[in-house]
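Next up: some structures, all given as structure tokens.
Note that chain A is present in both complexes that follow, paired respectively with chain B and with chain C.
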Partner chain A sequence: MGFSFELMVFGSTIAALITMAFLLYYFTADYKRNLLGESASSLTKEQSNLLLTKMRREISFSAFFMDDSKSIGVRYLITSIVLFFIGGLAGIGMRISLWFPNPSFLTPIQYNILLTAHGNIMLYGFAIGMILAFGYYLLPSANKIEKDTLGVVKSIMFWLFLIGSLFIIFSKSTATWYFYYPLVDQLTEAGGGTYSFATLIGVTLILLAVTVSSVIFLKMVFLDRSKSIPLSKISMFSWSIVSTAVLVLTSAPVSMIANGYLIYDLINPIFFQAANGQVLGYAIMFWFWGHPLVYIAILPAFGLIYEMLPKYAGVPIYSYRAGVFSLLLLMIFSAVVWGHHLFNSGLGTIWDLLFSTTSFLVVIPSAMSVFNWIATLWSAKSIKLTVPMLFVLNGIVDFVIGGILGVYLADVGLNAFIHGTYAVTSHFHWIFIGLTAGIGFGAIYILFPTLTGGRTYNVPMAKVHFYLNSVGTIMMSGFWLVGGFAGMPRRVAGYFGIFQTYQDAAAVGGVILGIGFLIFLINFAYSAYLPAKVDVRNPIEDEVQVT
Partner chain B sequence: MNKATPIVLLVLVLIAAGASFGWFLISPGGAVSYQQGTYNSSQVIVLYANAQGWNYNSSNPNPTLNEKLHTLLEFKVIEQDGLPHTLTIAAGPNETTDTSNWIVNVPIPTTVGSVTWVNWSFANPGLYTYWCTVHPYTMVGKLYVNGTANSTSNESAVQFSVHDSSNFDVHYQNSVTYETADYNEQVR
Partner chain C sequence: MLLKNKLLVEVIWIVAVLAILTWAAVSNASYVTNNQNSIANPANGDPVGTVINVTGYQWAWAFQYPNGTISTDKLVLEVNQTYTLVITSKDVIHDLYIPQFGVQSYAVPGHPNQVTIEPKKTGTFIFECVEYCGEYHYEMRGTVVVT
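Now for the complex of A and B:
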């Protein structure tokens, strides 16, 4: 079958190479384990506080050889930015190829490869990588943690994450980000792709990394937090990470198990067989994780908005309690709505209505957060429209649009018409580009002096990046939305000529987005290259006046 | 921060993104593929992508095709039932899951009435199988290529070469805006 001898030799060679590189890394780089040349757990309290608060971590490749939390955060930050551009180029490639109704420069198989790579890299590599980056980077200072322990575990999890991402890139699977059975187990070009199973392995490694990291996050917030911060005063960002971590712990293992079954089914097909009706069983196991995943991708962004907005509005957040309540309620509700992805799969009317109702309920905590932000802005004396603030405001608007679209999608009757159209793609790109990516960039801008050791970014260029990002999202997701309601199918390499207007406008939007991201990169490289001239402190971590 | 770091990062991002993009586009799975033979005439073969058979409405739903060597075979595949299908041709009389034995493998778009042209000219005479990998039991037929190979070709039934995506030529035609299958053809 698909499992040939060469494949096994190939796989074991790669595994051996990776193991060797890993051992080499651990034995040669060991002496650099941490900043002070000692193992972190043997530091005194004063030393480790120094490590965490005074010596701000900058973006540098030496982070890959150091095991303290901040360095791990920097590792994830660098990796997720690289992955973002890999996934983004795939997305823009698809967009451009869809300029003409007939498959143009991408054949259907190539299109499917890009589609799968884009979805998986963006979600597992970029969104999850970004969350882990900010979690590791900001939690120690937000909670003034007293001891920075488990460095080796964090480091190993990072390498698993990186290897997982490489597996996803190398597999060239065409199974889309659902990996539905039996497609994913058909190891042919017209099936899931010859090496489709490698994506499963990669995703499982990343799931393992994020699960273990979630435990570490909970430990940082609840066990390692400085006694000077009572539970009722911990930062909103920490709360958002807490709810994310709990969501991960309750749902990611299910997906890991399902992936394990899929891999077993390659060799001995017994689990997800059509004969015992369990093909739908896989879809259920997938969405049990799949929906929480999309909330995992935005909850930390919510936390960052809660942190950033008051800084530029000049007043504290309108209601801390309502904010915490909303984050925890989001955590609970988003664990019970996964069925809204399976409205057309025959779960049964009662189940459909149940999931439809829970999906509508998610609006309550979401709206609580949005109104909280609006109230904060309302009570502000003057609002400073700096670049990070622009990203925050744009993110809120995009979330409102995308969220309302989600409610439309959650209507069982309407869903039958717009499921599988670009309306769905539009729904989540509003939020992913506006919130996950947008707030990520906003946070990088606000942390810029710290990340680059005292440099400032070029403000006009950053504003251009912002406007391109905002306009690009509106064009791309907006035209997808109109086309989607007209019935434009998603996940196809070609389409009917009547949809060309929407597709072409969206392609322009996609290219605009791409130019914006490139400007961000150039701005970063250029400003960081200039000599350091400002204080390395930043408004999120220290009490500094924002300008 | 080291001055070189941002530049290294920029270059790293560009190289990683470009290299991955290239990797995604080169031949899927990196499999070995077959080389097209020369031809001096062409022949249109109409097939219907329908789960009941390639010629589903006749008494012989999967006809055995007899074609001449040095002929460009233009398969005109008309999507008929809206289900996913592929046109796959392997060297040998039987279907195989071994993709390295596949000569042609083209997914057919699911839009009913759309026409997919798959052009291929065999380099060697012999018995081949054409089928749909989604419906391997109901959509499978045999294809004889008759004639004598040129003296330069290999002993084996087909020649190997490193895959080159220009090897076979695929056109997708969308029925609504471009070409609709003839009414007679659609309702057969």
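Now for the complex of A and C:
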């Protein structure tokens, strides 16, 4: 333990390099004009409107040098897909290593590095990156915004996000994404990882990026929205981003402060000391952000389902009012349930009861959304089972399964039985693969012509991707669930031999998921090279369906 | 058709979910208040039955029985006896979990917790650490022998 001079030199060098790289990019790039904002407020209104009508950015690397909202969205989209690939590789590495009860393919330290990388990359890199991508890509046209300002700020926040992701990937931390206090400050390979503080810095940079972006999202929806759209008619996706942004603004700063305390404790341990009985203090501050984070990861997917479902069901969403109500209630309730991650830590019976009850409450808005989707499907005359629609339906089913498991976990008595087992891993992989990733894939497929300038994806390959994704989730999360109820602990590099069946089946499921994602990448690359054949009309954006 | 009356449908689905969850919340609350000893609570100095002091450290569990003997990674209990485990940690946060008994409790440095168990069957069971604690986290496991 301890914070050496070398580490401070290392940190300062990295900071100086980053500053220099950014200045180089800012002053020398040929695209300086774009960086300064061709879409900035200095443009006249006609120019600005023209820009917005033409503003259908394709996926291309020139987006990294332009700073209108759509280009920023494309940047986040590319980054989050790459990060999903890296995080997925880490996941598959862990699955293969767990084929045998004793560590085989990976040593425990390597396993723990992959474990930490998988969690951090998927949550901070992929889930948050995907939200920012769709937020920046869809909000301007969904709200027909009148001017697209703050380009430089958005651009800087993207670079901070990218640097944060690189820190997470290269720090080789083994503290998992919880960073519980005494472990994260053990700067050894066997403890939290020699450079685990670099991950803390990376996470804090990403939190900064997502916090500032949330302010920009709120500004886009409430200040820049076209006067032709009254507040009672804004799209469900905008509402979902609004609730996400408010959640980020209320909880992310707490995590940034906690990370700051942790880094300070490396130099001068005062905040979370065992002698003061304060070790759980970090866990509490962490979960104050950590639980809203999982809602932050799924709320935009809710919004996308609300937009995509009516397109293929052929009817407007059953109840716009109940949908908005549910999203806003989710925003409020999900901020007060974080204690259910710490039921067995000795918070005391009263706190356990409080958080257990609020966790039951948060099911109500989730169920309202699910019933809303079911009612929409029920009132539909004919449902078109296109690839995005398949992802949406699969996402709803996976969310129901994962959500019901969440109710089980909210029960204090049952929680003592399944907390810390693979049942928990199963619970959130149902939701994250089905909803966050699945709806993300669905939205990419529905936006494919827009994103690639008029190309269409290969439908049979996309269907194969869908079926592999769906079957892989069912196998992996399903067997984890059964194993979890038998007492199989999570986050282990090895396990009791009695659990081998569940682990092996889950490994097969994980590999199936990986193959599915590879097929998606191949399909994307292959289809984007074919000549354009359709209009770039963007099905999500063109008409916002409200009742 | 029922689906035409949107307000009614919305009220029905809210009330139905609310009813189920109220039942769940009430049964949970009654379980918690009646079985306070079987969930992890801060050690209160007034334990029930035989006290076993459990210390987690990187990477093993030490069980200290009332007669002073210490066993590592093996817990020996007698059937139909009441035991209170007072659990703490020497270094980082651990979590003692005995799946077949349905109990678990964090081992937090500087914050001892207690949980009461009463084995009803003889046999050999497993226990595990389920809070990630470093390199050999997965080896913090062992057996509970009930005689």
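Please note the rule applied: the second predicted complex is superposed on the first by the 521 of 547 C-alpha atoms of A that agree within 3 Å, B and C clash if a C-alpha of one lies under 4 Å from a C-alpha of the other, contacts with A are read in each partner's own complex, and residues count from 1 in each chain.
In this text, contacts are C-beta pairs under 8 Å (C-beta built on N, C-alpha and C of every residue); 3 or more make two chains touch, one makes a residue touch a chain.
Keep in mind the model is a prediction, meaning the values are calculated, not measured.
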Checklist entry - Looking at the overlay, does A:P108 come into contact with chain B only (first), chain C only (second), both, or neither? => result both
Item to check | First, second, both or neither for A:A367, with chain B first and chain C second | outcome: second
Checklist entry - Which partner, chain B or chain C, is in contact with more residues of chain A? => result C
Checklist entry - Given the touch rule stated above, what does A:N276 touch, chain B (first), chain C (second), both, or neither? => result second
Next on the checklist: Taking the superposition on A as described, I'd like to know which of chain B and chain C A:G191 touches: first, second, both or neither.
Outcome noted: both
Next on the checklist: Which partner chains sit in contact with A:G494 here, chain B, chain C, both or neither? Use first/second/both/neither.
Outcome noted: both
Checklist entry - Who does A:F65 touch here: chain B (first), chain C (second), both, or neither? => result neither
Next on the checklist: In the overlaid three-chain picture, which partner chain does A:Y178 touch, first (chain B) or second (chain C), both, or neither?
Outcome noted: second
Item to check | chain B/chain C common contact set on chain A | outcome: 103, 108-109, 174, 186, 189-191, 492-496
Next on the checklist: Please output the residues of chain C touching chain A within their complex, sorted ascending.
Outcome noted: 3, 6, 9-10, 13-14, 17-18, 21, 24-25, 28-29, 31-33, 35-36, 38-42, 58, 91-93, 95, 97, 99-100, 102-106, 108-111, 113, 126, 128-139, 141
Checklist entry - Which residues, counting only chain A, touch chain C once they are in their complex? => result 103, 108-109, 112, 115, 174, 176, 178, 180-183, 186, 189-192, 273-280, 283, 318-319, 321-322, 342-346, 348-349, 352-353, 356-357, 360-361, 363-364, 367-368, 371, 375, 378-379, 407, 410-413, 416-417, 419-421, 486-487, 489-496
Checklist entry - For the complex, which residues does chain A have touching chain B? => result 1-2, 58-61, 78, 81-82, 85-86, 88-90, 93, 101-103, 106-110, 113-114, 117, 169-170, 172, 174, 186, 188-191, 193-195, 452-453, 455, 492-498, 521-522, 524-526, 528-529, 532
Next on the checklist: Which stretch or stretches of chain B touch chain A in the complex?
Outcome noted: 1-3, 5-10, 12-14, 16-18, 20-21, 23-25, 28-29, 31, 86, 88, 97, 99, 102, 105, 107, 109, 111, 133-134, 165, 170, 172-174, 176-178
